[in-house]
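Paired with chain B in one complex and with chain C in the other, chain A is shared by the two complexes that follow.
== the complex of A and B ==
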């Protein structure tokens, strides 16, 4: 693949990754957040595909295909099922930090990621390593979603956003982190989502709500 | 200053003055048709302007010169921007004025003059409209600057003509993440800046929801005509700039009659297309609550900031 086309496609995939992270922060409807998350999964798979085509690595193609199936297919379906089970609470009505402030926080986090990733980029300047700040920003924004949202389901989305970012960092820094590692991580994530889904359902059964703040009290 | 720039500086304001009421008429007509009404026709804003210009000048008692001069300032600033910005010809006849910062400053000066006039009338609606307009303006201007700045980073100049010329020579520039993010941010900002749905409803006169209309409520006759014309010109200039920053093809780069005619036809077609799209989308939108507007604009600011960041990161 020609070098400029590779750089262009890589940058586009990274841009889509970051845009999806910001959109999750922006929209309140959980259904939209899940759809955007599926889009981010597709962007992540595209990133893997672009790197695979550039390196000519079959293993990386397999990893990219796995990412596509898991993060753009399986996980969104699981989340949507959890959303359907959670009844009429389809909106993140009152996040701990309001939407405008959290969008500005996302901008600050992006700049922080840029500052933090500069030593890494300087080690081996290439189009792939230059995009590391974007992946780090996705990790930080995912973490931000995780700590500022109240609904259990949007916290799960935040967790998955963070994991998407970590996978992207892996793609961009090491290119080939090995099929076994990638499969291990993916299975872990799948398991975590399954457990969280069961937990959300149980929570709703006992409290009639999935607001995490209700879990503050300790009980015997 | 080049011959092409001088011809552009003459043709562009004439085109904008003649065309902008037609653009407004067209958006209203499209909206009417989509809502199942017959509509007043594309020429109605021009007929309104002619009627208003024939009336006598009246100013409310107690208003000062601020109220009388605001329409002139508003019209003059937009006319200067229309002459300087790269709309039909890529080079500018009034060279330092087609800089990004100058254009934004001129547009803001016009809006502030109108807001001051709204305050000057001393009525409740004027003050309320001015306060709302300035709130929105304070959120819009940084985004506008940052979004165009993201485009100028790759070019190395804040001159709008240079940015358009660079996109013309290197079409790949248009599909970089920085450019795409900046495009989304700019669309939101232009919609807010020109007072269209979902930020402001241009057709409303309901006291609780007016923004722009509340400020100009006290104007009548030729003054009102000037304000309406300037608002329409503002809409067309911003739409034309938006079109040329991202889809510059067709703009005149040489001074030949054919190139100029092609340039005029291209910008008219582009703005008409965006105008129809804008009107069609507006049919499906409701006005946003005023307290939700900062959320929308904060989002577009973040997109603009990310555009700048990514133009440094991924360059």
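== the complex of A and C ==
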């Protein structure tokens, strides 16, 4: 692949990643958040594909395909099923931080990501490592969603955004963490989401709601 | 032969998990005890035969044993044995009270086996990535044990447990990736093999390594129950079944903490001792502050003992921050002593809850008169935990504090000592209020012999280690050497 085309495709995929993260912050309907999350999974797989094509690595192609199946297919299906079971609570009604403040926070977090990632970019400057701050920003925005949203399902989406960001950092740093670990990580994420899905169901059974604010009984 | 020995600690619980899916309740209890006894035997055998040869590995290098791993396996074996001895009586009582069925009891055994398999894998993992996968797996298998009651409280605790631990451990994954990136651009190092990373640590880029180490310590610190991501711990400990709480406190805390120790070795070689020291000392003091402030107003005794777990891991973190060989030896001894004493205490707390039907401190009065054996064991383990001799925690806490003063960390050590005294006072006052005085109408339950034996055996072991470390001394010394003078 020509270098300029590679750089452009790489930046396009990373831009899509970040855009999806910001969209999750912006829209409060949970169904939309899940669709955006699936889109981000596809962008992440595309990022893996671009890097695989550039390096001609078969293993990376396999990993990218795995990411596509897991993050654009399986996980969104699980989330959608949890949402369908949750009846009429389809909206993030009262996030702790309102939308405009959240978007400002996302901008601040992106700046923070650029500052924090400077040593990483400096170690090995290349088009891929220059995009690391974007992936790091996705991690931070995911964390922000996790701590400011009140619906159980929004928290899961936040956790998964973080995870997408971390996977993107893994792609961009081109680190070889080994296929066993790669598979193990994916399996752990999938199982964690399964566990959380079961717990959401139980939460609705015992609390009649999935508002995390109700989780205030265990305290001093 | 030695390869086979390495597989036993993980394979035995896996085989037990398979067998537990079909066994009846009586045999299941015996199998759990046999499984943890096998684990302990394998640990001792590994320690006895292996501490001279540094590179014993199995499964094509995925598993590797060093003295630290063997020492941790001993901790896992002992705590698992105490928990397994208490499990059948606990499950019988739960079934009698209608909180469990034979199906959920069976599931309990299977999940505990899987938990043990995951922790032993984490201890023996040669690769930081495999270590991560194993530690995250412990969260997944214990989630339903924490939420076993399906009540509001149980579900709430399980939710917080999974969300906070998975998030924390995700930070550790990011840290591992960053460290692998540093390794990929250093001569000599490659991948996430812990020994290779340690050997090549001085060639790693310091700025990148700093980010990776901070994330790894924060992430594994979450699972060990250290601040700032400790909020899951009191909820999970107070909602999980008593034998599982014993395992989480004694085993999970120690295993996650050992992961921090391994990261610290890399950090010290790459960045000097200052960075990890500041990070760990900060986390330790904040954790101690959290534990002390929450303990003063505590109303629930399982939560009280949970705060004490935060305290003890924080003390260990402080010892690791000091980092001298004497301090590290005391830290490892502390993990062992805390594991034993705290598992006895949580088993006792489970019996207490059964006898009184409440977990409120003011709901329990005059236990010494109505349940002399139980209150003796609970009282003795609380004394052990606040650092009374002859229990081993006295020696290890003294060792950590003395090393702190010797290393010129006088101010920090004084703060730690003060907070430890506050916590000890709060713990003693609350506990004595439960044990002494006029008994209220608690139902008198006959304590099964196995539970009594496990509690007294644990306390005797804890005291014996305090008096003389005996044959464990060589192993402990070898483990300290792997942590302070890596090859």
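By our rule, the second predicted complex is superposed on the first by the 215 of 220 C-alpha atoms of A that agree within 3 Å, B and C clash if a C-alpha of one lies under 4 Å from a C-alpha of the other, contacts with A are read in each partner's own complex, and residues count from 1 in each chain.
Throughout what follows, a contact is a pair of C-beta atoms (placed from the backbone, for glycine too) under 8 Å apart; a residue touches a chain by one contact, two chains touch by 3 or more.
Computed from a predicted structure; not experimentally measured.
Applying the stated clash criterion after superposition on chain A shows that chain B and chain C can sit side by side.
Superposing both complexes on chain A places the Cα centres of chain B and chain C at an angle of 150° as seen from the Cα centre of chain A, in steps of 10. After overlaying the two complexes on the shared chain, residue contacts for A:110 are found with chain B alone; chain C is out of touch. By the touch criterion defined above, A:26 lies against chain B but remains apart from chain C after alignment on the C-alpha atoms of chain A.
Once the two complexes are overlaid on the shared chain, A:8 sits against chain B while remaining clear of chain C. Looking at the shared chain after the overlay, A:100 reaches chain B, while chain C stays out of its contact range. Residue contacts after overlaying the shared chain place A:130 against chain B, while chain C stays out of touching range.
When the two complexes are overlaid on their common chain A, residue A:18 makes contact with chain B while staying clear of chain C. In the superposition on chain A, A:49 contacts neither chain B nor chain C.
With chain A fitted onto itself, chain B and chain C come no nearer than 18 Å, counting C-alpha atoms only. In the superposition on the C-alpha atoms of chain A, no part of chain A is touched by chain B in one complex and by chain C in the other. The part of chain B that touches chain A in the complex is made up of residues 172, 175-178, 180-181, 294-295, 298-299, 301-303, 305-306, 309-310, 312-314.
Residue ranges of chain A in contact with chain B, taken from their complex: 4, 8, 11-12, 14-16, 18-19, 22, 26, 98-100, 103-104, 106-107, 110-111, 114, 127, 130-131, 133-134. Looking at the complex, you find that chain A touches chain C at residues 116, 119-120, 122-124, 139, 143, 146, 152, 155, 159, 162-163, 166, 169-170, 173-178, 180-181, 184-185, 187-188, 191-192, 195-196, 198-199, 202-203, 205-207, 212, 215, 217-218, 220.
Listed in rising order, the residues of chain C touching chain A in the complex are 62, 127, 129-130, 132-133, 136-137, 139-140, 143-144, 147, 150-153, 155-160, 162-163, 166-167, 170, 173-174, 176-178, 180-185, 190-192, 205, 207-208, 210-211, 234-235, 238-239, 294, 297-300, 303.
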